[in-house]
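Each structure below appears as structure tokens.
Each of the two complexes below includes chain A, the first together with chain B, the second together with chain C.
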Partner chain A sequence: MTKTTIEAPLPGTFYRAPSPEEPVFKNEGDQVAIGDTVGLIEVMKSFTPVVAEAAGTLVAFHVDNEDAVMAGQPLYDLEA
Partner chain B sequence: MAISKILVANRGEIAVRIIRAARELGISTVQAVSAADETMLAARLADAVAKIGPAHASKSYLNADALVAAALETGCDAVHPGYGFLSENAGFAEKVEAAGLTFIGPRPETIRKMGDKAEARREAALAGVPTVPGSEGVVAGVEAALEAAAGVGYPVMIKAAAGGGGRGIRIAADASELRSLVPQASAEAKAAFGDGGLYLERFVSRARHVEVQILGDGERAIHLFERECSLQRRRQKVWEEAPAACLSPDQRAALCASAVRLAERVNYRGAGTLEYLFDPATGEFFFIEMNTRIQVEHPVTEMVTGIDLMRAMIRIAGGEKLGLAQEDVALFGHAVEVRINAEDPASDFRPHPGTVEKLAVPGGMGVRFDTMLYPGYQVPPFYDSLLGKLIVHAESREAAIARLSRALGELEVGGLPTTAPLHRALACAGEVLRGDFHTGWLEEWLKGRPLAAAQPATQSEGR
Partner chain C sequence: MADTASFEVVKPGLSTTVQDLGRPGFYHLGLPISGAMDRFSLIAANRLVGNPDGAAGLEAVFLGPVLRFSADATVAVTGATMAPKLDGVEQPGWAAFKVAAGQELSFGTLKAGARIVIAVAGGIDVPEVKGSRSTYALGGLGGFEGRALKAGDVVKIGTPAGPAKLGVAVPEEIRRQAPAGGTVLRAMPGLYWHRITEGSQRSFFEDTWKVAPEADRIGYRFRGGRSLDFVPREQPFGAGSDPSNIVDSCYPYGSIQVPGGTEPIVLHRDAVSGGGYFMVGTVISADMDLIGQLQPHQPVRFEAVDMDQALAARHAEKERLDRLAAFIAG
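Let's look at the complex of A and B:
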């Protein structure tokens, strides 16, 4: 098992769910497949999905919903 | 009672604008800042700064309780909401007043009444102001929408009753499109505004967007003529002018008089704007909605009338009566404003925050740059992309656009892409020079990739 830390591709506001009323994209412990959406980053009112480029188990989030993130800041850990 | 200290409950260029007007009136200012905005220009210019919460707007600039608490803690006696954020939130205005502070804007009940599009249309009809054929009030559900649309006539626009800024608008060409769009639009409105109520109106093709600036003191209202804002992308204005060159003198007089009737009917207090659709084919104008706040494009009106709208709205909030009669307001020349946004026109206008590595601000006669920028400023990614507004004024429309081209040539924002190349291209486009456009024109024109050709020229300028 190797653990990889996935970083924010761009700066903005991180969201774990598509909208406040909807469930989160992923919980800690969930399986992640390539192409899965893990969160959204809002940059100046434009939303970019954070799409998994590697598969594995999402073991930990480093940021909370609606947190400000900088580009390169750790978002989540993946074990594969 | 006169105002002595204002909490600026906004950010960016409009916060700078508010501070400047307040200072000219001898009023001190406290700038509300989120955790991401402590270094912004308005925070540097204000007499004091009050931290109101984290970067996310819902916890700072949209947090009514935090703003009111900050105003009280810093000894302010008034709150200026700017535009966007809580500026058209009647609940916020009520909280401000309940705390014994002055809200620089209309009374909360006016905000509530005119902020509800169906209610605003009813008031317009009672004031004898023409409106676009539309549903009588909010339509609930698909069947009600279909029934209303049959009376309105297709194509119809579907709008969120609680919406604003052009968001959440859809167009249905016929009943089957309406049937599929209504549930989507309602769900989206519920998510965005907490209210899924919808409203329908006739879609006028090749319409032009004109709007009338109003000042009222609660009893009497005057107009400061109109603006045209037909150059829009994704229903966001990008280029605004005053006056509207498409109107004849008679049409202008009728339009502006209708706006004064509606403003006086609702006993409007402060600065406000009535937005209209103008059909150049028939010469008809239709009231769409009222914005009960200062608008982004207010400077073009200031330039052609010589009246400082920001100072005027603060003085009215402080209890003064309108110092002007309608005859005191005269139009001189023509003004154009272009919005300089942190967006990359070469990459489908993708928002692009970054650090301002270099800044050259245009100058000379008739040029004004209202901005939040300074060299070294790090534009945060958390808010909208407006960096500044370049405004020019000259004796005629033709001279104003020539001046705009000249000023855009002097503008240099290094370190991040901006929409300046779009405006450089627009200022040379034949349709723009002739004033031959409508609210859908810009998006059609952009499909021809006019900026691809403009790109090398921009780069060779070394920008």
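Let's look at the complex of A and C:
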């Protein structure tokens, strides 16, 4: 088992769900497949999905919903 | 080289636009100057690949594009720290390198700054509109079909003009360093300075402001400082009822408007040219490029300067260009 930390690809505001009324994309402990959306980052009035480029178990988020993130900031840990 | 040299946009990034040094002369008609947010980086990239300073390049914000070249080309990437890659192999930033026909140019993740500039020897060959190839996306004008690039676009490259400066990176001391921690933006208090109280005149320059996530080419919005208090007055005819309203006026490039007295917005390359919001002052021209390299949430402080200091700062920027010219020639 190796643990990798996935970083924010761009700065902005991090969201864990597609909208406030909908369930989160992923919970801690969930399986993540390549291409899965893990969250959204809003910047310059547009939303960019954070798409998994590696598969594994999402063991921990480093940021909360609606947190401000900088490019390169740790978003979540993946175990594979 | 084929006369139809081009590259195809495989992935466009977040917002990648064609920009040159802009379209001055039409602001009084409501047409903004547009052009690169970081002009120094565009000039540096152009000089590295042997282009004239005003050749059109690409400006990409936060996320780099993926481009596939149809012909051999020479490319330089400047501005933000975001490693260029050729078929996955990392290339130096702030240096010209060769791209072979069929190769893919992509980028690593953003490490510092906000915007990269990609120059290609020969420049980006899109039609000039009002003397410029810059994209004004809000007006659907200039650049590539008046918009940011999309996947599948095929963008033509012009004929290279001069020799490139291959393989040697611009020294760190000549580059504009992407701001890491706190950035100071120098500003001159403006015509409407008397509209805020002495306490607000102090707090504006004392407080630390943070770049808001919606900051873009039109304006950079800041949050986190104390609200400005206005000197009471009976609003003149033609001004709105909010104390931050004025009788409609021209908005200079770099002017800092503060709607409602709460969140300063520095108007940038694609800004509107006039309106009815009070302006606290104007960021000096020497610091405007720096704004284009600010990421959301970065802390910023404004510093009051006078005209002599502003002109000295402009002169220092010109000297940086002279050092760049000496490096390219050397």
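One rule holds for everything that comes next: the second predicted complex is superposed on the first by the 80 of 80 C-alpha atoms of A that agree within 3 Å, B and C clash if a C-alpha of one lies under 4 Å from a C-alpha of the other, contacts with A are read in each partner's own complex, and residues count from 1 in each chain.
Just so it is clear, a residue touches a chain if its C-beta (ideal position, glycine included) is under 8 Å from a C-beta of that chain, and two chains touch if they have at least 3 such contacts.
Worth saying up front: this structure is predicted, and the values here are computed from it rather than measured.
After superposition on chain A, the partners chain B and chain C are seen to clash. Residue contacts after overlaying the shared chain place A:45 against chain B and chain C alike.
In the superposition on chain A, A:27 contacts neither chain B nor chain C.
In the superposition on chain A, A:19 makes contact with chain B only, not with chain C.
In the overlay built on the shared chain, the residue A:66 is in contact with chain B alone; chain C does not reach it.
In the superposed model, A:37 lies in contact with neither chain B nor chain C. Of the two partner chains placed by superposition, only chain C is touched by A:7; chain B is not. Taken together, the two structures place residues 10-13, 42-46, 68 of chain A in contact with chain B in one case and with chain C in the other.
The part of chain A that touches chain B in the complex is made up of residues 10-13, 19-21, 42-46, 66, 68.
On the chain B side of its complex with chain A, the touching residues are 35-36, 54-56, 58-59, 191, 342-343, 350-353, 381-385. If you check the complex, the residues on chain C that touch chain A are 14-15, 61-63, 109-111, 114, 213-216, 295-298.
Here chain A touches chain C in the complex through residues 7, 9-13, 42-46, 48, 68-72, going by the rule given at the top.
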